[in-house]
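Input: one structure, supplied below.
Letters A, B and C mark the chains as written, and numbering starts fresh at 1 in each.
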Amino acid sequence: MSTTPLLSWLLIAVEASATLAFALSGLLEGARKRLDAVGVCVVAGLAAFGGGTLRDVLLDRRPFVWVAHSEWLWALLALCIAAMAFLRARHFAPTERAMQWPDALGLGLFSASGTQLALAQGLPGIVAVLMGVVTATFGGVLRDIVCNEIPTALRDHRPYAVCAFAGGWVFVAAAHVGLPQGWALLLAAGTATGLRVLALATGYTLPRWLSQPPPPQ
Amino acid sequence: MSTTPLLSWLLIAVEASATLAFALSGLLEGARKRLDAVGVCVVAGLAAFGGGTLRDVLLDRRPFVWVAHSEWLWALLALCIAAMAFLRARHFAPTERAMQWPDALGLGLFSASGTQLALAQGLPGIVAVLMGVVTATFGGVLRDIVCNEIPTALRDHRPYAVCAFAGGWVFVAAAHVGLPQGWALLLAAGTATGLRVLALATGYTLPRWLSQPPPPQ
Amino acid sequence: MSTTPLLSWLLIAVEASATLAFALSGLLEGARKRLDAVGVCVVAGLAAFGGGTLRDVLLDRRPFVWVAHSEWLWALLALCIAAMAFLRARHFAPTERAMQWPDALGLGLFSASGTQLALAQGLPGIVAVLMGVVTATFGGVLRDIVCNEIPTALRDHRPYAVCAFAGGWVFVAAAHVGLPQGWALLLAAGTATGLRVLALATGYTLPRWLSQPPPPQ
C-alpha cells in the first residue's frame, strides 16, 4: 500500500481506538443486561471483532485479525477485567457519550478498509461496499442479538450504516479513478466519519416508513 | 444440466418470484417492528439471501449468488425503496397472504436446488437434504432472530421445513435411480411445493408434544 | 494420536453421551418454548452440533463432524422422535438435573479437543483455547439465541465457559511440555470437567460487577 509511515501509524491508532470503542459498547451493554463476567467478555469481543470476522468468513479470508494478532485478545481480556474493577454504573452514560467519537472513527475506517479488501478480490462495487458496511456494523448487530435486543443499527433512525455505505462508494469511486490506496482510504473513511459526526451534531434522522405500520405483535 | 431452455427459463422465473416473496416477508416484518430504512433493507436481504448464503458457507462454496449476480442486490434495494414509498400498512395483511404462493414455490425450488448442490459434492443423502432445508428456511429464521422473535419456521405448527425435507428426499431418490437432473429438480420442487400448498389449503398442523410442557419462563 | 484402544473407546463413549446431553438440553428448551416438532429437532441439533460447526467454520475445516459421520444426524432425529413420544413435562426438571453430569463431561472433552484441533493448525495458545471454549459452549449459545433468550452461558454466574477456558490452557501447557496427545487430552478434559463439577457441588458463582448497573431497558 502506498502509505507513508505517518499515515500507517495514524491508521493503527485509529483502528486501536475504534476497536476499543466497539469493545466498550459491548461491555456496557453486557453490564446493563447483568451478564456475568464471561458474558461481558464475550459480548465485548463480539462487538469488537464480530464485524471483521463475519466479513472474513464471507470473503473466505484467513487468518482473522484476532488470530494473526492474538495480542488483541489479551488486550480485550485486560480491558474487560479493568472495566469490571473500575467502571461504576454512574459512569455508563458519560462513557457511552465519550465513545461516540472513536466509534465514528471506527465506522469510517472499517467501512473503507472492508471495501478495500473486497475490491482487492475483484468483487463488484456493490458487494465490496456491502462488505465494508458488514465490517463496520455487524459487530454491534451481533452484540445486540446476543443481548436479546433488536439491533440498534437497524432501528435507531440515526444514520449509521448509511454513512458506512456512502464511505464505501467513495472508496470505490476513488479506486476507479486511480487514486493511491492510502488516499482513497483516507477520503472514504473521512466521508463516512464526517457524515456520522454531522448526523450526530444535527440530530438528523432517516425518513420514516410513509404509513403507520400496525403495532408489534 | 440436461434442462431444456424452456425449463431453464421457468426455473429463473420461479427463483426470481420466490426471492421476491422472501424479501417481501423480511420487509413486512421489519416494518412491523418499526425498524428504520436501513433495518428494513437488512432484514429483507437476510430473508432473501440468508438461507443460500448459510448453505454456501457450510458447503464452502464461493461465490455466493449475490456476489456472482450482484444485480440481485440492486433489485433488492429498489424493491425496498419502492415498498417504503408505496406500501401502506393496510396492505400488509393482503400482501402476506398473496406472498404465500410464491413463497411455497421458493420452498420447493430452494430445497431441491440446495439438495442438488450438496449431492454434487458427494455428501450423504441426509446431509444433502438438510442443506436443502437450510437453503429454503434459514433466510426466514435469520429474519426472525434479527427481529427478536422465535423463528416462525420453528413454532408455527404448520408444515414448512418438513415439506422441504420431503422434497429433498424425493430429489435424492430421483438422482439415485438416474433421473435427469432437470426432471429430478422439477419432481422434488413440485413435491415440496405441493405438500406446502396442501397443508395451507387443509389447515393441517404438525403433531404436538404429547404432554403439556410448563409455561415459558 | 498415541492413544490406547481403551482410551479411544472411552473418548467415543464420552463424546456420545455429551452430545446426547447437549441435544437433550436443546430438546427441553425447545419444548419449554412450545416449539413445533421441527423447531424441537432444530434446536436440539443446534445445541448438539452448533459449537463444533462454528469452530470448524472459523478454522475453515471440512467436513463437519455431522457430515463425516452422518449417522449422528439419524441418531438425533431418532432421539427427538423418542423424546416427543415418551418424555413428559413432569420429567423435564429431573432430566435436566441428570444431564448436568454428561454435560460436564462434554464441556471438558469438547474444550480439550477443540483446543487440540486449533493448536494442530499452528494457532497461538489464546486462539486455540478460545476455539476450545467455542466448541464446548456455542451450541448452547445458539440454542438460546434461537429460543429468544439471553444465553445461559453468559449470564448464569455459575462457572461454565471459564472451566473450558482453564481446561484449554492445561492442554496448551501439556502440549508445550511434550506430553503425549492422549494424556494431554485426558488431563485437560479432566481439569475442565472437574472444575465444573466442583462449581456445581459447591454452588460457587463468578464475581459480580463491582457496581450495580442500571436495570435492563
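Throughout what follows, contacts are C-beta pairs under 8 Å (C-beta built on N, C-alpha and C of every residue); 3 or more make two chains touch, one makes a residue touch a chain.
Everything quoted here is computed from the prediction, not taken from an experiment.
Rounded to a multiple of 5, the Cα-based rotation taking chain A onto chain C is 120 degrees. Two copies of one chain, chain A and chain B, touch each other, and the residues they use overlap weakly: the shared fraction of interface numbers falls below half.
Centre-to-centre, using mean CA coordinates, chain A is 30 Å away from chain B.
Multi-chain contact residues of chain B (touching two or more other chains) are listed as 57, 60, 145, 148-149. The touching residues of chain A, when paired with chain B in their complex, are 57-58, 60, 123-124, 126-127, 130, 141, 145, 148-151, 153-157, 160-162, 205-214, 216-217. Within the complex, the chain B residues that touch chain A are 30-40, 42-43, 53, 57, 60, 62-64, 66-67, 70, 73-74, 84-85, 87-90, 92, 145-149.
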